[in-house]
Amino acid sequence: DAPKQPQSVPIQVQLNWVPEPEFGGIYAALQEGLYAQAGLAVEVIKGGGQVPCAQLVASGQVPFAVVSGEEVLTLRARGGPIVAVFATFQKNPTGFLLHAENPINSLEALWRSDSTIGIDPGLPFVKMLNERYPGGAVKLVPYSGALATFLASPNYAQQCFITSEPVECQLRGIQSKVLSLADVFNPYAAVVATNETFLKEHPDRVDAFVRATAEGWRRYLDAPERYNPAIAALNPSMTLEAMNIAARLERPFIVPEQGERAIGTMSAARWQSLCEQLTATKVIESCGSIDAAFVAAPPAVP
Amino acid sequence: MNSAPEVVCEALSRRFPNGVCALDKISFRVPSGGLTAIIGPSGCGKTTLLRIAARLDQSTEGQIRCVSRDGTPMLPRAGQLAVCFQEARLLPWRTALENVALPLELAGVDRAERRMRANRVIHAAGLDGAQQRMPAQLSGGMRMRVALARALVTQPSVLLLDEPCSSVDEFTRMQLDEEIRRLWQASGATTILVTHSVSEAVFLADTIIVMEHGRVHATHTVELPQGGRDRTSLAFSQEVEFIMRTLACAAGVARR
Amino acid sequence: MNSAPEVVCEALSRRFPNGVCALDKISFRVPSGGLTAIIGPSGCGKTTLLRIAARLDQSTEGQIRCVSRDGTPMLPRAGQLAVCFQEARLLPWRTALENVALPLELAGVDRAERRMRANRVIHAAGLDGAQQRMPAQLSGGMRMRVALARALVTQPSVLLLDEPCSSVDEFTRMQLDEEIRRLWQASGATTILVTHSVSEAVFLADTIIVMEHGRVHATHTVELPQGGRDRTSLAFSQEVEFIMRTLACAAGVARR
Amino acid sequence: MKGTLAAMRTITAPLVAVVLLLGCWQVAVMVADISPFLLPRPTVIAHSMWSNREVLFDATLSTATAALAGFALAALVGIIGGSVIAAVPVLRRSLYPLATILQMVPLVAVAPLLVIWLGFGLPTAIAASAVVAVFPVLASTIDGLRSVDPGLREVFLLAEAPPWTRWRKLDLPASIPAIVTGLRIAAGLAVIGAIVGEFVSGYGGSRAPLGIVVMTAMREARTELVFGAVALCAVVGFVLFGVVSTLGWLLLRRWHSSAQHELE
Amino acid sequence: MKGTLAAMRTITAPLVAVVLLLGCWQVAVMVADISPFLLPRPTVIAHSMWSNREVLFDATLSTATAALAGFALAALVGIIGGSVIAAVPVLRRSLYPLATILQMVPLVAVAPLLVIWLGFGLPTAIAASAVVAVFPVLASTIDGLRSVDPGLREVFLLAEAPPWTRWRKLDLPASIPAIVTGLRIAAGLAVIGAIVGEFVSGYGGSRAPLGIVVMTAMREARTELVFGAVALCAVVGFVLFGVVSTLGWLLLRRWHSSAQHELE
């Protein structure tokens, strides 16, 4: 049991999107009082589309924020003292969303076709795909954030997040499929990060937060239906049904090969390979010390 | 040639929303080709009358209208009715010449003729040399003369002049009066002239209407030969004297 | 009481950027408490002269300045010099009363006194009953009288009037002339009056300057008693007659 | 009585226009058979607005607060700043063109700074709204002040009125028509600014503002909810616009030609 | 000679202001020790602009094209539409407030529609730029037209000038001061609109426009490149603003008080 403290410390965590199953573990930990037991009074700050989470946590504005793996390395390369402490998605949950009747069935076929694909400008895997599968007539257009374009055009493909767009399609009875990016580009995703100063001054709080979050995830993945209503109440724009489906879909991306006990842990090798991919595509020049970029999760509680 | 309409004013009243009664059942007629001068204390309704005659304002009762020679009511076509307003109302982005030529331009007269005709009235108004100046570069009196020239340039058949000469010196005014008479006689326009100068009224008008407080105080027919009225003649002075007294009386009534 | 400055004009010239020479080495002086009338053809530079005197425009050469009784140059303080412009220049969002009270307001006079003094000049200008009207609801002559009232309300020691009575009828003008004389005599202001009415000039002025084309054509001292000048007297008519001839001559020169 | 009637007409006219527009829209969507993901029917939008009324009500309140505060700030800064800039030639020549930059800095670029300086939620949304809305007020104020009738200005010069007095009694009243135009333009921009601010500032409390509702609904292809939220933005902008117009009319009706025929 | 000198002064003043601003910024960042990923130093920004000069040059050209075309479209539609709306009281009462909606519809919400109708690339960016910039022109035109001196209007009424002639010879020239103000405001907005349009309409050809450069740089946390691109947006806006101001001055200098003292 976590030591009981007379007073709990207020701690904020900034999400990079609105409350969703993507953050299920944090909400489960809140609901079960795991943070409170660890002496932390956690306040979850909901994000919007363009909240600069990485910059906020790097500049010490918030102690914790949810960011992407590549954001950690890029911002570190620009001098931002950001450190990853917990990796929600062990496998890259992003991919390309296609209509089910689309004959294309692999990333390679997609990239060598003349399809139109909606992608946020500046995503690192575009350069990797270009290098890996040269010679396509594929037309890249910005991802507008709206699913409407996809739904209205049968030959259109777009980037997607496993817990989001495919679920919407399913709920609408539209047959879709996802080409996963994990084989080409597999960074950690939905990474909880803190900054170097906070880590140095309050290693205990970081530790307590990470343990509670990991435990939260274990409970969430066991019975997401128990926690989703609370999340749905915070995000009235997503239905409970969608959340339940999403929770089931995301499970294989979160639970590592070592099993539930290792939820959230990270390895230097994975970070190193991300670093190599980012430097090879010239997104950044170098990564500095990989070991300083993350804190391996503490041994899981049995 | 003299096909100018008669102007008939019948029991015309104008009451403004704030309760001021600017015209109170006023009636008179200006025969075809006649020149009637209206004279009266400041604020007695002269401008209001002209504005209603030009259909820029509406009467609350009665009407003022043009009647053609054969007795049928008529509306003067554009350019046939001209007004010289009490203020100059020049377009500030046009030179004096362009301002004078404006009514011709709006009537579709071609460039060369426009220029020629505008220059003619500009000369008559004593503005030679000022053609290319902007209104802001003209003196007050010059601006009023440009406005007068603009009213005269289309040779209208109904002419409404609101104190056209009030801001020029007496000598220039006499010259302008000569011009107005010449143009009026040449065109045969039915004219209403609002003026504060009794001698101007006597010099130009067939009939002088003295107003007070929205009513006709007196109507006087000038008994002088139309051809060449001599300002220095005794008859002229006597007419002036008479109107002065009537005016004094009207102003006295107004001030009660 | 009569501490009004003398106004001295020395070889004053004004040439506009477009080449027009509005004033050409003009010199004269108005003694302390004197009233000089300036008369001359339209466009001869009268308004330009007043504007330079009021320091609203700059001379290209020479100067016009105020000299106090003891001979030292002085700048009249705010409110001590008032101008009645050729146009009314009323603030369209203020009532007649508020427009007249404006200079007092700017001088920091308190509300009650402001009202009282403004009402007094409004009465003198024959505008009783129009206090609460907006400028757009006044006739042209009434607007000019509001502007005159505004110039007189501060009882300035230097008064520059640019054709203040040109748009009112002759009867009202005579009454206003009486008022101006009364106020001028009471305040002892050094006054320059631009006018187009010779009889007004003769009635009010000590000295009449006839201008033509930016120059002084003639200066004439009116040889009539200041107390009560009688417009009907023979001497008055003779003065008028004389100025008329001078003016005709000046206008003739200007028109050459 | 006459006033009430006229006021009713003033409100009715845009409403009728909106209804006509929606009617055409409905018919067009049905006839052209446009996919509801792209352009939903007004009836569907209305239905979705009704079923999400609580969320939308809270969101509208929250966005309206930000837009109103941003608008007020923009009005204040624009009018005062514009007056100062118009009064000092050096500033006019240098700062006026420079101020165009203000409205051109994409908020997303400076979002981290804004959030760091102003914190999450409301303050950032207000700042964003004010930044976007201030330039029209500034420009209109400057141009309005510089167009004041020089004849009237001379009246004040003569009285040696200090600049502050002249501003209060001449420049400001004479520029009100221009300033009202600037404020009308700013009304709509203030709402956009608030929305963009919400994109970058996130939200602290439980109430998601309209900006967040739009973003999430888009991600989930709930196009009818997107349009519903946008319609509410428009309503907020409308109300601001109406308030500005009415205020302008009240200030101008006694003397300015643009307000003469409104209530006939 | 005098003209050249004055024109030089007109250009110099804002430049000096910009240089001063950058100086203060540099010093502030160094003194306050702000992290470069939040607010980079001007020198770093300049360096990054130089090393990316080819990309930025193409991007600027591409965005400037969209902004210019959008601005021209907005000016045309705003002036003509405003004139029609001002002329017909029913339209004024109904469409004028309705037009506020136009500027309030977040482009991202209608992006799918725009893209389907206009395709990806330039046309969409132009449309976005025009939509964002049109309202200030519209509002200024309407308010300008309604403020035309009623005395002058009567001169044209008397001549029974048809509406079209009256518009050409009276309404339009008299409203130019107001319209120029509207165009000044629109100049900056047209650039923003183009950028936002590029966010949704994308790359088009091989040359990425500034909007895409900003997005990419942001994603890669290259704050100094973001600021560099933004600076170029500002330059485009600046130039448009300068062209409008000069044009306005040329049109107004002969008669309008606001243009009298510019070249002293």
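Labels A, B, C, D and E are assigned to the chains in the order they are written; within every chain, residues are numbered from 1.
One rule holds in what follows: contacts are C-beta pairs under 8 Å (C-beta built on N, C-alpha and C of every residue); 3 or more make two chains touch, one makes a residue touch a chain.
Treat the numbers as computed from the prediction; the structure is a model and nothing was measured.
**Student:** State which chains count as neighbours of subunit B and simultaneously of subunit C.
**Tutor:** For subunit B paired with subunit C, there are no chains in contact with each.
**Student:** Would you mind naming the chains that touch subunit D and likewise touch subunit E?
**Tutor:** Intersection of subunit D and subunit E contact lists gives A.
**Student:** Compare the CA centroid of subunit B with every other chain's and tell me the farthest one.
**Tutor:** Chain A.
**Student:** Among the chain pairs here, which one is joined by the most contacts?
**Tutor:** D-E
**Student:** Using CA atom averages as chain centres, what separation in Å is found between subunit A and subunit E?
**Tutor:** 39
**Student:** Averaged over CA atoms, how far is the centre of subunit A from the centre of subunit C? Could you give it in whole Å?
**Tutor:** Whole-Å distance between the two chain centres: 84.
**Student:** Centroid from C-alpha atoms only, then distance subunit B to subunit D, rounded to Å. What do you get?
**Tutor:** Centre-to-centre distance between subunit B and subunit D: 50 Å.
**Student:** Touching two or more other chains, which residues of subunit E qualify?
**Tutor:** 38, 108-109, 112, 116, 149, 218, 256
**Student:** Counting only residues that touch at least two other chains, what does the list for subunit A look like?
**Tutor:** Residues 55, 59, 144-146, 148, 152 of subunit A each touch two or more of the other chains.
**Student:** If I count partner chains per residue in subunit C, which residues reach a count of at least 2?
**Tutor:** In subunit C, 87 touch at least two other chains.
**Student:** For this entry, which pairs of chains touch?
**Tutor:** So the chains that touch one another pair up as A-D, A-E, B-C, B-E, C-D, D-E.
**Student:** So in the complex, the part of subunit C that touches subunit B is made up of which residues?
**Tutor:** Touching subunit B from subunit C are residues 16, 18, 20, 39-43, 46-47, 86-87, 126, 130, 133, 137-142, 145, 162-163, 166-173, 196-198, 244, 247-248, 250-251, 255.
**Student:** Sort out for me which residues of subunit C touch subunit D in the complex.
**Tutor:** 54, 56, 77-79, 81-83, 85, 87, 89, 91-93, 102-103, 105-107, 134-136
**Student:** Touching subunit A in the complex: which residues of subunit D?
**Tutor:** Contact set of subunit D toward subunit A: 35, 37-38, 52, 54-55, 108, 111-112, 115-116, 120, 198-204, 206, 208, 211-213, 215-223, 225-226.
**Student:** With touch defined as at the start, can you tell me which subunit A residues reach subunit E in the complex?
**Tutor:** It comes out as residues 54-55, 58-59, 71, 74-75, 77-80, 116, 120-124, 139-142, 144-146, 148-149, 152-153, 283-284.
**Student:** Help me check something: in the complex, which residues belonging to subunit D touch subunit E?
**Tutor:** Answer in residue numbers: 9-10, 13-14, 16-18, 21, 37-39, 89-90, 93-95, 97-98, 100-101, 103-106, 108-109, 112-113, 116, 135-136, 139-140, 143-144, 146-150, 177-178, 180-182, 184-185, 187-189, 191-192, 195, 214, 218, 223, 226-227, 230, 233-234, 237-238, 241-242, 245, 256-258, 260-261.
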